[in-house]
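Each chain gets a letter, A, B, C, D and E, in the order it is written, and its residues are counted from 1.
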Amino acid sequence: SAASLAQIQEQGSIRIAVANEIPYGYVDPTGAALGAGPDVAKAIMEKLGVENIEWVSTNFSSLIPGLQADRFDMVAAEMAILPDRCQQVLFSEPNTSYGEGLLVAAGNPKDIHAYSDFADNPELRVAIMAGADQLEMMQKLGVDEANLVTIAANADAISTVATGRADAYAATSLTASGLADQNDGVEVASEFTDPVIDGAEVRSWGGFTFASGNEELRDAVNEALAEVKATPEWAEILTGYGFTQSDVDGSAQRTTEELCAAQ
Amino acid sequence: MLFGYEWDLSSPLAFAISILPILWIGLTVTIQATVLGFLVALGLGLVWAVLKAAPSRLISWPAKVITEFIRDTPLIVQLFFLYYVLPEYGIVLPAFLTGALGLGIQYSAYTSEVYRAGIEAVGPDQREAARALNFTPAHTFTHVVVPQAIPRIVPSMGNYLVSIMKDVPVLSVVTVLEVLNVAKIVGDRTFSYLVPLTMVGALYLIMTLVASAGVRLLDTWLPKQGIPLK
Amino acid sequence: MNDEPIIKFDKVIKRFGDLTVLRELDFTVKKGEKVSIIGPSGSGKSTVLRILMTLEGIDGGIVSVGGEPLWHEKGADGALVPASEAHLHKMRAQLGMVFQQFNLFPHMTVLRNITEAPVKVLGLSRKEARERGEELLELVGLADQAGKYPHQLSGGQQQRVGIARALAMRPSILLFDEPTSALDPELVGEVLNVIGKLAEEHDLTMLLVTHEMRFAREVSDRVCFFDQGRIREEGSPEELFTDPSEERTREFLQAILD
Amino acid sequence: MNDEPIIKFDKVIKRFGDLTVLRELDFTVKKGEKVSIIGPSGSGKSTVLRILMTLEGIDGGIVSVGGEPLWHEKGADGALVPASEAHLHKMRAQLGMVFQQFNLFPHMTVLRNITEAPVKVLGLSRKEARERGEELLELVGLADQAGKYPHQLSGGQQQRVGIARALAMRPSILLFDEPTSALDPELVGEVLNVIGKLAEEHDLTMLLVTHEMRFAREVSDRVCFFDQGRIREEGSPEELFTDPSEERTREFLQAILD
Amino acid sequence: MHWTEYFGPLMEGAWVTIQLTAYSTVFGAILAFGAGIGKLSSNLAIRAISIAYIEVFRGTSLLVQLFWLYFALPLAGMAIGIDLRLPPVVAGVLALSLNIGAYGAEVVRGAIAAVHKDQHEAGRALNFTPRQTLRTITIPQAIPEMMPSFGNLAVQNLKDTALVSLISLGDLTFRAEQIRNFTQDSTTIYSMLLVTYFGMALVLTAMMRTLEAYVSRWRTARS
C-alpha cells in the first residue's frame, strides 16, 4: 500500500503527481513543478519536514488509478472534490476553488457562450479531457455523447480547437485562459454563462488527493494546509497563477465533508 | 454511461455483459480503421515498390530512404506528426482519417517490400519469353508478372492485415474511439479497468485467430497452378 | 531454297562488362536454311540467338534480319541510328524462340500459353487463335493436353508446348537454344522428333544451338563451330563431323562424342 | 581374433510403416572382425548400422552388442523390457559411426569437433581431450588443419575428421556408412587409405557399408551381400567376389563392376 | 523556449528509450529462447504453456497488453489479494519483453527446427544427451539463422518503446509530448523526434549486423 506518513517522513521523500494543467499543476521542460497545487504542496511538505519531492507527471485520467496503484503518494492537481471520487480516494480540505470556462477558436466563429449551447445545438462538438469532471456536466446538460471529443491532455486542446476538430474545449476558466495565452488561434469565450446544474451554478473546489486508507497522511496535510492558508503567501501563490480574489475566498466556503456528501 | 448504454457494476459478469454493446461500437471503428489502413498500405506500398524499382537512381534512392525512414520510426510519433503538424500547414484531417492514413503509411513501407519480393520472384525467363512473343511491357506486367506474383504476395499481405489490426489501438492517441480507447474510457469513468481491458484482450485474440484462419483459407483457395512458391 | 541471306551478322561486337563475347562476328543464314551452332560453353552461342531475339543489345557492327537492320533503323538523313522499341517490335514479329528451360507461363493452361500472344499481339480473335492452337498441339502431339497447366506435363511435353507457342506467332525464323538439354534422357527423343518433322515439312529458317551431335548431323544443312565469339569452322554436317579441318574442332568433337 | 560375437542380430525385424526393411535378420560379427556389407539400394544396409548406433529402434527380435541386449534390458523379473535411455546411453559408448555426409559440426573447428564429445560425454579435461585430438588428427593426416572450420576443408579431409571424431570416443566397434560415396572420385583414395590403416593397425571391430568393391576386397575379413532385408550370401572376399554361389549376387556384382 | 533547448530533455528521454530497448530486447530474447525451445519440447505441459504464451502475446495488441499490465493487473491482484502494482518501468519492460519474446519465439523455433537432422544424429552417435545436443550443437547453429529476424525485431522493439509514454514513462516520446504541451511547437518537436528515432534505429541495425557477423563467423571463415 501507499507509503505511510511515518515512512515518508523517515525517508524525507514523497512522490507527488500533477497532470500538466496550467495553472493547477504542471511540470516545465526542465522538470520543475509549478502551479497552485505544487507550490502549496511544497509549503506543506516543508512544514511536515519532507525535504525531497519527486514530481510525477501523468495524464489526468491516470491520477486516481495511479494513487490506487501506488504510483505516487499524493496528487497536487487541484482535482475537483466530487462525491464519486470520494468513494475512490481521499481528499484534503479545499485548497482552491474555480469556475468553468470555454476555449474557442479565435473570433468565436460558432458564437458559443455556455456549456448548454452544446445541448441546444447538436451540430457543435466539444472537447473534454479524459477523466475530467466536465464530462459529468455535459452529460447532465444532455449533450449528445457523439459530440464529445475526448482528448488525453490539456495542451492538446489548442490544436483540437484551432483546427476545428472540436468547436470548443470545456475546462475550468483558469485552464481556458492559460491555454488562450499560449496561442493566437484560440481565445476564451467571452460573456461566458456559468453552467447551472441541479439548480446551482457550477463551482468546483480542488484539493490534494490520497489513496484511500492513507488517512494519516491526509490528516497531516490538512493540518499543514490550514497553517499555510493562514499565511499571506498562500493567497499570493493563488493570485500569482491567475486566481481571482473571489476564487481565493471561495475556497473556504465548503468543507470536503460537505462536498463528498453532496447530492 | 457511454454511447447511451449504462453499465451494471453489480458483478464482473454483469459489468462485462453490460459494456458489450459499448465495446462493439469501438470494435466497428477498429475494423473500419484496419480495412482503410490496409487499403492505403496496399496502394501506397505499390507506389513505393514502383518508385524503388525505377531505373533512375534519382527516383529509386529517395524512395528507398523514405520507406526506410517510415519503417524505422514509431507509428505513434508518425500519428502525432500527422495530427498536430499537418494542420499547421492547413491540412486538417479528422482523427479517424489521420489514424487510418498513419497506419497505411507505416505499413506501406512493409508492403512495398512484399510487392518487390513477389515481383522479383517472377524470374527473368518469364519476361524474356514474353518479349520473344512480342508482348508489350504493360501486357507482360499485367498478364505474366502480376498473376504469378499474386499467390506469393497474398499470404504476406494477409499477415500485415492482422498486424495492422493489432496496431489500431495506437490510434487512440489521436482520439480515435477504437475499442481500446472505449474500454479505457469505461475504465476512467468506473475506475474499474480489469473487466473492460481483459475483454479487449479477449476480443483481440478472437479477431486475430479468425483473421489468421481467414488468411490461411484464402491462401489455400488461391489458384497457384505450378507457380514455384519458393 | 532461296539464296539471299535472311540473317546477317556484320562485324558484330558484344560485350558483358569487361568480357568481349562476340568479336567482330560475321555470320549469315539463308532463307529456309537449317543451321546448327555447336561449340564449347561460353563461346557465345546463346548470345547470338539472344541478340536475334532482341533480348540482348549489341555493342558494335550490324545485325540484319530479312534485309533490314535489327538493332538500328534508318534515321531522317538515311544514317543508321539505334533502333526504337517500335522498330524492335516490328522486327521481332519475324522471329520465334524455343528456350532451354521452356519458359512456359505457369499460370496459363497449355492452350492459353499458345493463344495468348496471337490474340494480344497479332490481334486474332480468341476463336481463330484457338483453332490454330489446336492444330499446333496436334502437330506436336499434345492435342489431348490443351487444358492442363505446364507443371502437370513432363519436361518433353513442356518443350513441345514451347515449340507450338513459338510457331503460333508464324515466325519465319525459329531459334532453338539447347531445346533438349534440360530434359531427362528418355524425353529428349520426342522433342527432337518434333523439331525434325518441322525441319522437313516447313521452309522455316531454323537456327539451333545444340549439343546433340547426332541431331545436328541429321537435321541441319550446315553446322557452325563457335569458339571464343567467332565461327571457327563451318560446313555441311558430313564435312565437319567426319573431316574437320581445324585442330580445335577435332578436339571439341572428340570430347563431346566420348 | 576372439571368437565370441560382439554383435549379434537375432531374428531382427524392422519396419517403416508398411515397408518391412529387415525380415528376421540373423547376423553376427566377431570381436576384431572387419565386415563389409554390400547390396542393392534399399536392401537395409544403412538400417543395420543405424540400429546399432541406436538411431533407429527395432520392431522384433534382439540385437546384442558385447553380449548385452542393445534395445532391451533385463527387467526386475529377469524378462527383457524395452531399453531405457540410460541403458542406450551406456551401450552407445561402445560404438562409433562415420557418416556418408560426414555430419561434422559446422560451427566448431576441426579440433573442437573431435574434442567436444570426449569433454562433455567422457568427462575428459580440455587438455587431455586436446592431446588425444591432436594425436588422432596426426593419424588421419590432418595435424595442420586443427583450427579450420569444416567448410574450409575438402570432402576427403572432412571425412577424415569424421573418422577421427568417432575414434576420439574410443569405441570398440566402428560403423561406416558409405564413407566415400559423397566424395569426388579423386578424394576417395585418401579416405580409403585411412580406413585401411585403421583396419590393419587396430583390433577395432569394423562394419562397413560400401560400394567400393576393390576396397571391400582388400580390407575386410568377410563380405555380406544384403538383399531385401536379409543376408543373401556371405563369405571371404575371395569366395564372394570370384565365385558367388547365388545368381542374385552374381548379377549385383556384375552391375556394380561394370 | 528556443528549439536548441529541447535537446536536453529530449536526450534524457532518449536515454530512457535506449535503456528500455536494451532491457526488453535482452529479456525478450530470453523469453524467445525459452518459449521457442519449449514449443519444440516433448513435454506436453511445457509445449502447451509455450504455445499459449506465444499465441496470446502475438494475438493481442501491444498497447492492450501494456494497458492491461498497467491498469488492470493491479486490480486483478487486489481481487486475489496479491500486490501486483508494477512500477511503470517494470510494466513497460515487461509488456515489451513479453510481446517481442512471443514474436522471437517463432523465429527461434523455426531456426532450431531448420537445423538438419544429420546433426542430431551425429550428436546421438557421440552419446551427447538430448540436452547437450541442443546446447552445444543445435542452438549454436541456429543462432546465425535467427539473426536477420532478430535484427528486425530489435528495431520493432525500439519503435514499440514509444508506446510506454502512454503509461507516463519518461521516454523520448513522453519528453517530446511534454515539451510540445508546453510550447505547442509541434513541427519542430515531432521532426526532431522522428529523426532521433531514425538515427537510433540505424545505429541499432548496424549493431545487430555486427552481432550477426560475429555469431556467424564460422560460416564465413575463409580458407
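Just so it is clear, contacts are C-beta pairs under 8 Å (C-beta built on N, C-alpha and C of every residue); 3 or more make two chains touch, one makes a residue touch a chain.
Not measured: the values here are computed from a predicted model.
Contact with subunit D and subunit E alike is made by no chain in this entry.
The minimal number of chain-to-chain contact steps leading from subunit C to subunit D is 3.
Two chain pairs, B-C and A-B, are weighed by contacting C-beta pairs, with B-C ahead. Using the mean of the Cα atoms as each chain's centre, the chain most removed from subunit B is D. Of all chains, the one whose mean C-alpha position sits at the greatest distance from that of subunit E is C.
For this pair, subunit A with subunit E, the centres built from the Cα atoms lie 38 Å apart. Chain geometry summary: the mean Cα position of subunit B and that of subunit E are 22 Å apart. Annotation: 56 Å between the Cα-based centres of subunit C and subunit E.
For subunit E, the set of residues touching two or more other chains reads 71, 177, 180, 186.
Shared interface positions of subunit B, defined as residues touching 2 or more other chains, are 84, 173, 184, 187, 193.
Listed for subunit C are no residues, as none touches two or more other chains. Every pair of chains in contact is given here: A-B, A-E, B-C, B-E, D-E.
Across the interface of their complex, subunit E is touched by residues 53-55, 89, 92-93, 95-97, 99, 101, 103-108, 116-117, 120-121, 148-149, 151-153, 165-166, 169 of subunit D.
Chain contact summary for the complex, subunit B toward subunit A: residues 1-4, 83-84, 87, 92, 94-95, 173, 175, 177, 181, 184-185, 187-189, 191, 193.
Every residue of subunit A that touches subunit E in the complex is listed here, in rising order: 20, 26-31, 56-59, 62, 65-66, 68-71, 153-156, 158-159, 182-183. Note for the complex: subunit B touches subunit E at residues 69, 71-78, 80-81, 84-85, 88, 165-170, 172-173, 180, 184, 187, 192-194, 197-198, 200-201, 204-205, 208-209. Residues of subunit B touching subunit C in their complex: 125-126, 128-129, 131-136, 139, 143-144, 147-148, 223, 225-228.
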